[in-house]
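In the two assemblies presented below, subunit A is common to both, partnered first by subunit B and then by subunit C.
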Partner chain A sequence: MNTEEHTVSHVHRDDIGSRMGMWLFLFTELLLFGGMFFLYSVYRFMNTEAFHIAAKELNTLIGCFNTAILLTSSLTMALSITAIQKDKKGLSIFFQLLTILMAFGFLVNKYFEWTTKFHHGIYPGSDTLLSMDSGEILFFGLYYVMTGLHGLHVIIGAVLIGIMTRLTAKGVITKDSFVKLESAGLYWHLVDIIWIFLFPLFYLIT
Partner chain B sequence: MHKDETHQHMHGYGIYILVWFGLLTLTGVTVAVAGINFGALTIATALFIAAVKSYLVLTIFMHLRIEQRAFKIFLLVALFFFVISIVLLFADYSFR
Partner chain C sequence: MADDVLAIKGNGHEPSYLEYTGKGKGLKAWITSTDHKRIGILYLVSLLSFYVVGVLFGFLMRLELIAPGRTIMDPQTYNQIFTLHGVIMIFLFVIPGIPAAFGNFFLPILIGAKDVAFPRINLLSWYLFVLGGLLAVLSILLPGGPADTGWTFYIPYSVRSGTNVTYALMAAFVLGFSSILTGLNFVTTVHRLRAPGMSWFKMPLSIWSLYATAWVQVLATPIIGITLLLVAVERWFGVGLFDPALGGDPVLFQHLFWIYSHPAVYIMILPAMGVISEIIPVFARRTIFGYKFIAFSSIGIALFGSLVWAHHMFTVGMSDTAQLVFSLLTFLVAIPSAIKVFNWTATLYKGSIDLAPPLLFALGFIFLFSIGGFTGLFQGTLAVDIQVHDTSFVVAHFHYVMFGGTGFGIFAAMHYWLPKMFGRMYNQKVAKVAFWILFTGFNVLYFPMFIMGWLGMPRRYYDYLPEFHIYHFISTIGSWILITGLIIMFTNLIHSLKKGKIVTEKNIWGGETLEWKVPTPPPLENFEHIPTITEAPYEYKENEEPQMEEVK
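Now for the complex of A and B:
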């Protein structure tokens, strides 16, 4: 670290190592969601018709809207890193807050989507659901687990970005030291990628 | 070395907005194409578009394009084993 040798020589920092650590963690996330995608693909392979019928129950419009929200939040996250690299602290915080706002918007949509389904009597273990074909039960089981776990990741991501916003405001994350923000960004983009696959596999198979 | 690294490790605002626009367009394409029935190719098309979108997010948003080679190798190894798993899984299920 050339820049630091002049000031505080004892501070050890390894940005590349930090980012690599984050990537390694993301690979474990690939295993977590990957296992579910395997499950999905095998069950869909065995219950093609039932999956198509069950998917008609999902609201494609909300799905599209949420996709656009998440993609845009990924954009603002990436922009916040460029902003801090250009030493524009205020702008970076603004972009981070926008990202959190969109994460919140995503969850609000998800809330309405799920409650509508609950009103239709479709929730894990409900009589309506259990009276359906076994393939449809599998579809909704996977739908709730996979979008639920993804939603949990959205919550964790939003909290992480919130912590980063605070660190940026306090001057811990700066033009010369922004690897924390970058790692939070990597996590957020992973959440985006997972949704990129969830969306067509659940909402667009009618 | 480090100076070069920090200097290199940077993207302008423009490319992000461009990628975002591309991602939204591809989402539009997936939705439009989903209405058409290509038979077995329908799912392949959806997955192909999702893969292209992921590639854009990985290379630009997640900075892989300007990251050191080790990162790319790591990801390729991870994806390689992921693909192996799903190929073996389907090799099993398809011939039962």
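Now for the complex of A and C:
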């Protein structure tokens, strides 16, 4: 009806547009981290030896474990989207909660990893760190900043998925309208992929 | 709410966006509205308020420099004032200037859409803008005093300075996010919401430049975001990523800073070029000359502009190869800008020119921007740059581009579009007088800086040798003329919003783009029916010579 068309309550919906906006946002996130990867590569090039020594401090086992957790959580996230596409609301919520649980697990590991380093006296501005070679100071500076900012993204991602779980329970996200959940999923995969680069750069290349 | 709309419509009259108040009254109706037109005006009002503050700081700075030695303030205050002038003008006025204010208002209308793709994110970007502005204000008010590093926040001083650098950094960081969200919104809107029939080459040229700008906003801003955040982290926790005392590399900071901040120059100038491309054909009553060249030159500027950042750093120590490459790229970026200037002048040639205020400001843009552009090439030349680097020559150059260019572009946009936005016409005679005073004041203020910069007057200096006195003196007189012009112009425009002659005709200037086909002021949802576009913009058929038609 003609009058219907012009009222303010008219809701504009464009899933392709939403997805496009989300991808653009993810590009900006990649560039944000890109700046830090750029710093990492330049400083690694300038201090090869020191980076080699400093990387031995990191616990590869916890790193591996966290990588496995994040990769699995990406799977459960994808599964929750497939579940809602097949109209299985309960299953979708289950997978979303599982994803949040794994995000939490990742953060707990990170917490123990960071506090162990603090106990060893390695944190920005500490005497132990300042007595080290400047390349090692840079390595740990980058380590704390990059994994810290990544951790912040894990928290944001978990909160975002939490909101999606609520929306799914309330029936806002359904079989026909799941672009919000999809976008949250894309964000989660971004968090995952950044970790996939952080892990080898800090833990594996020694 | 919907009932109210229908009731008014019952009288055969769509409510204008100014009449429809939505969920609240007064201020609330504005700050909760997701209507792109209202958000555009929110931006316009807030950024002009910051502009007034920025002008005030500029005025004080010039006053201090009227004579050698101390005049009205001590050196520390002077350092803080030029920093504030830079931060406010760049992050709070020139960068958001045209895209956030006029882009928000007119982009959806010009492509035949009801709103932008993400109206709520649009409002969020304004809130972030205000938050960024508040952080900048906080940095002035809190103990410690405003930052004194210059708007470039160069390391290591920005880590050591005891002033509120962190607040200024966070302000710029938050403003960056606001800018990213606007860019993201515009890219998606242009891709998804063009009216049926509006192919890429039927888009008005301002849309091309806003589109190119939006991409630069999305791709370049995150870099400065992370860089400024890292400086803040460095101040908070003593992580030594840039500080040479801890092994960091301050030159790396400069690279990361200019990787954004040079493209940001094009974020500032491209939308102004778009506005000029709209105004010229309307007041020459001619189809724009070389539509595709202007459209592609916008993309070209965005592309090359992203690859020239290190020309800010020719004197900091880079390899000769790098210097050569960046110098060459700097020359290349002049080509698309020149293409635009040539096409605008070619459009004016043999047009039936109506020298109304918007065109006057647009011509002012072309003149001043050309001077700014050419002097930019001086600095792109490696040998010459050694002489003029960090002198007031550079200050003159970028004021010719940023103020003479973008500033006059914003003034042109105001004189062109404000009557459409509010349905009131300003006094055109006063507007012309204001233009000439502004134009005179501008040149008296900034031209002497070219000369004294060439003679070796360094920028950002509090004191100077007596031989520079005459130039500084003339320049300060110029600042008074310029401010007189600004006061006359703004008084005229603001007065017109309340008391100006009411305009109800749709097509105020005889334009051919879509904003002139909707009522004045535009209705809530812009179009009663989404139009179908069949011809290119700027088709001035009535002006084509009849013989030409017959020959065909």
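Details
Here is the rule we use: the second predicted complex is superposed on the first by the 195 of 206 C-alpha atoms of A that agree within 3 Å, B and C clash if a C-alpha of one lies under 4 Å from a C-alpha of the other, contacts with A are read in each partner's own complex, and residues count from 1 in each chain.
The criterion applied here is as follows: contacts are C-beta pairs under 8 Å (C-beta built on N, C-alpha and C of every residue); 3 or more make two chains touch, one makes a residue touch a chain.
All values derive from a computational prediction rather than experimental measurement.
With both structures placed on the common chain, the touch criterion links A:45 to subunit B but leaves subunit C unconnected. Contact with neither subunit B nor subunit C is seen for A:172 once the two complexes are overlaid on the shared chain.
Contacts of A:135 after superposition on the shared chain: subunit C is touched, whereas subunit B is not.
Shared-chain residue A:201: touches subunit B; no touch with subunit C.
Residue contacts after overlaying the shared chain place A:108 against neither subunit B nor subunit C. In the superposed pair of complexes, A:125 makes contact with subunit C only, with no contact to subunit B. Of the two partner chains placed by superposition, subunit B and subunit C are both touched by A:16. The intersection of subunit A residues touching subunit B with those touching subunit C, taken from the two complexes, comprises 3, 16, 20, 24, 27, 34, 38, 42, 46.
By the touch criterion stated above, subunit C contacts subunit A in their complex at residues 1-2, 5-6, 9, 14, 20, 22, 114-115, 117-118, 121, 180, 184-185, 187-188, 191-193, 218-219, 221-223, 225-227, 230, 233, 237-241, 246-249, 252, 256, 524-525, 528.
Of all the residues in subunit A, the ones that touch subunit B in their complex are 1-3, 15-16, 19-20, 23-24, 27, 30, 34, 37-38, 41-42, 45-46, 60, 64, 67-68, 71-72, 74-75, 77-79, 82, 85, 176, 182, 185-186, 189, 192-193, 196-197, 199-201, 204-206.
Note for the complex: subunit A touches subunit C at residues 3, 6-10, 12, 14, 16-18, 20-21, 24-25, 27-29, 31-36, 38-39, 42-43, 46-47, 124-125, 130, 133-135, 137-138, 141-142, 144-145.
Remark: subunit B residues 2-3, 5-6, 10-13, 16-17, 19-20, 23-24, 27, 30-31, 34, 43, 46-47, 49-50, 53-54, 57-58, 60-63, 67-68, 70-71, 74-75, 78, 82, 85-86, 89-90, 93 touch subunit A in the complex.
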